[in-house]
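So that you can tell them apart, the chains are marked A, B, C and D in the order they are listed, and the count of residues begins at 1 in each.
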């Protein structure tokens, strides 16, 4: 920790600060600069108590406190220099092969799901997405088919061999959802619902953690740390757009997260362009950008008839557009050195 | 719903849109303007299926769709024109008397809690706050004393007669927490954890719903709707600062929520200046502003020794500062026509 | 400056960084911590070249660089511990007396302006606002009456004795605008138009600097520094709302700027609730909050007939509402210890 | 315009609103819905006075007003369906060939500039960037070499045949800057400095308009409209990152602007990844994404020795890294169907 003292404080006030730093277990190291005196507090910031309270304890003496250590450990690339890969029914996410997960926003019925599953498989996807439990802004909107939806996903898995990803909304459903899915998705609204993260981690299934609407990179990495520190190494980060002042798109898809997560962490990074843009007509370009920038996988909302979708129709692409998309992505996947 | 058509579309394309509007249960009403044709879709937007998918179904024909109805019902002032009041051990929140809830960020021990409880009561607070379960950004930070902390809150309640407010983090704890508290707090990170909201509502205890870090007013009202539509009329909204680009303060306290919530809803509005500013030195001014603007109550973090707090020390005020604050608020409470 | 080195770098790499720090004129001071080595660079950050480039020069060795000095000088309270006051035709802004500036968004004609001027004076305002040059998002919107409008302001000044505040949009108009106004307003969109700030400062007239839509406090103080460092001590900061994700209000009025500016600077702080909320029905509550939190003055949009305003009608209050507002503010002004 | 009336207003109040709509030149068209009555106001929104004031004129009767027409004309693709191209010394921006503009943040001296110019030309760039006038947050930072810098740019142009792009900061410099440059850059901080935009447009030189830090797409298009409506068809939009809550990067580069600008406008879109990320180590990935998503050109900060740069060193790439970047972009340019 670095403690910046206020200008012109007395020797006595300075000593009081130094005593407090020692009392909290750090070794203070004083540097006298031209305009300010700065104190380095030597000690492990992750195990010692934080010094962040010093400015409020000594409002006349301490100007600010700055941490020097990163707060995340297990998700960091320092802890695990090579890329982690996640095995989903024999397909590796985070490896050489670029992966695509696709399917409807909500599971609406067996026919809708199976039609989509066969179509996305034919186009090259390896994982089927579909929501059985839906977090909806309003209590009056469709909340998902629940267990019935999970069973349909399972049927689609058996029929097509695709892996399954579906969202977990309640700690109480963790066991049940884990039974029917290959990847547990934690949605943006629950990205700092730590009890849910722990419950998901403990199932042992891979966990795909969406970035919260206004989540800083560091907070996202730390939320991922909740998964890894609960003995589950199979974590995927998923960028799905952040909330900004812009109203043209539903969210602002932050593609810079791709090189950043690759730099800071060993876990794969997945891009969800559907939630990001909230508009099917922008999905194609977003996917190309994600591939070019080094994403490990895409998570795309596909629906046999977007106009009749029970949720988020505006952002789902049709089966035809999805097939075209997969075709157009090929040269970019090759240019990115992926398969 | 209002549907704006693209300029210069053919009669045939227009008819296809009109047929779809009818198929979804609305009666279309065409208005031909100078530059655009606009269709009003007559029907109850809350019970009919949404038309928001039209632009993706008819990308060549439909430019945009705009709802005209508000999506929230039970929380709206239209539904309940007079103010709702919440009875907490005989003290009404939302009535003529201005209320203050105060206490430590985390319950750290019996002595810390009881010292604070007696001090805040002496200064005029009627509710004691204190976290027994703490949502922490990092898994390596102090997570709260849990049940032990709840029991300390209960002891403080019995000793002082203060009401209790504490945070609920897990659906599985809803019953347990309800046993020891008078108000259940839903934190900002769980403001759209709808399962938790439903679990809290079902205990029958008053629910204080903090605004999420990047939650729009409409989303906040709709999250409140989850409480009321689960047969719990005792809802309090609590503004605690939103996330913006500013880094000087931890969050940007949005005091305009006070007149807005008063206008849109009948439920009381509470201001939390501690989380809002993240700095004890700004809390005093924030409280005065909140009182002047018509807030019903304050929720303030108070600690006998902020420098030694186990969490968020920088934003907790000392017992002395709290007593001074309560004194300085008096003329503003009077000016606002409250007691 | 504090330089954080990467973990486990070689002695040779460390020495290269230290040599570069010396070459740039600083004295390096090494602190070896538990997880990181940190280097303090002793030297005046305001006169030396910045070290912010070190992470890009030594990407394998340097993790981050943190400044310890504040970048603003003349606007800081350290430089000028007592409050600055601005004299506007005998009325002091920033002193014991609370001041109100009011008038129409745009000067639309002599009758509109004079009617408003007499009414706001009668209600207690001491400065008349009115735009003669209007920055409009679209080139097709009303751009202001220009010199004709300035002359009307001057006439209103002579008739009523009110001071005048009006916006400067172009360097080329600085002299002309200064001739007809008592305070030059720099709008939010020009808050980092440094050439305009310098031109305004050089007229010698007081400069009211609105906060930019996404301007951090530090940037605002530094923009103010452009005024003071051009030999003009008469600076006023004006908060008018920042841009956030919220769409209910036009902007989010950040009232926490009041205690923050008071703490960091000696210049007065003015609140503009009209731009902040963009809705006349919220203006009353905003004004009360601003007074309670210690603002020095208000800047309010008032129009004899808001419905017919040529710009921003939605946010202008009527003459009747303004008179009522001034009346209702009185107990809050008294509670705040102002006159 | 669509006017939404409040529920349950009297016939008399409704008639008053209808009369006002007629008085302002529109033909009202009433639609009675289930929960609300909605009025369509038929008339040209671009030439008639706005109805946005209705909710403040009739606060008891009018709930909201929604425009249906787009506010921009000349920049819109409706007005000019094919792509516009900008000719810069024989190289077309916006055509089949992908273009790269590169050079130092600031012109620091002849040697620095010429070294960079020759290197970026050798690597394939066709335009040289370099700031002679620098907008700096603090008045104490390097403000650019001014005319001396412009002359160095001119010399580099003559020596290498590269086009020149440089920033205009002051209306008074428009003629002078136009003499030495091929494209006039309007920086993010001046993106709504309309006087500067008009002065730039009137020189007849192509204008590259950077997006403001918190500028909505619609505002950006309207700022571009200031250029086109001043008889200058040569406009380029340049995304350089927006300001969000994220602190890991300096700004959040919004690559979704590429498909959006392509959809809404005919003018080319240029991406500046240097300002966007503020970190040289992220520039490579950003460039690949921009190419894949269909950008017309890149604007990259390149410096012979980033560590010694006088401004923004952290975000400038070295000559070696730039050459490598240009090489690595090739397969993506090919995949995007460009040359």
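By our rule, a contact is a pair of C-beta atoms (placed from the backbone, for glycine too) under 8 Å apart; a residue touches a chain by one contact, two chains touch by 3 or more.
As the structure is a prediction and not an experimental result, all values here were calculated from the model.
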item: Proportion of interface numbers common to chain A and chain D (over half same, under half different); value: same
item: Maximum centroid distance from chain B, chain identifier (CA atoms); value: D
item: Comparison of A-C and C-D (more C-beta pairs in contact); value: C-D
item: Chain C-chain D separation of Cα centroids, rounded to whole Å; value: 25
item: Whole-Å gap separating chain A and chain D, where each centre is the average of the chain's CA atoms; value: 30
item: Approximate Å spacing (C-alpha centroids) for the pair chain A, chain C; value: 37
item: For chain B, residues that touch 2 or more chains besides their own; value: 46, 214, 243-245, 247, 281
item: Complex interface listing, chain B residues touching chain D; value: 2, 4, 7, 29, 31-36, 38, 40, 42-46, 66, 68-69, 78, 214, 243-245, 247
item: Of all residues in chain D, those that touch chain A in their complex; value: 214, 216-218, 242, 244-249, 252-256, 258-260, 263, 276-277, 281-282, 284-286, 288-294, 331-332, 334-336
item: Chain B residues within the chain A interface of the complex; value: 20, 46, 49-50, 52-59, 71-72, 135-140, 169-172, 189-190, 192-196, 212-214, 219, 222-223, 225-226, 229-230, 243, 279-281, 306-310, 313-316
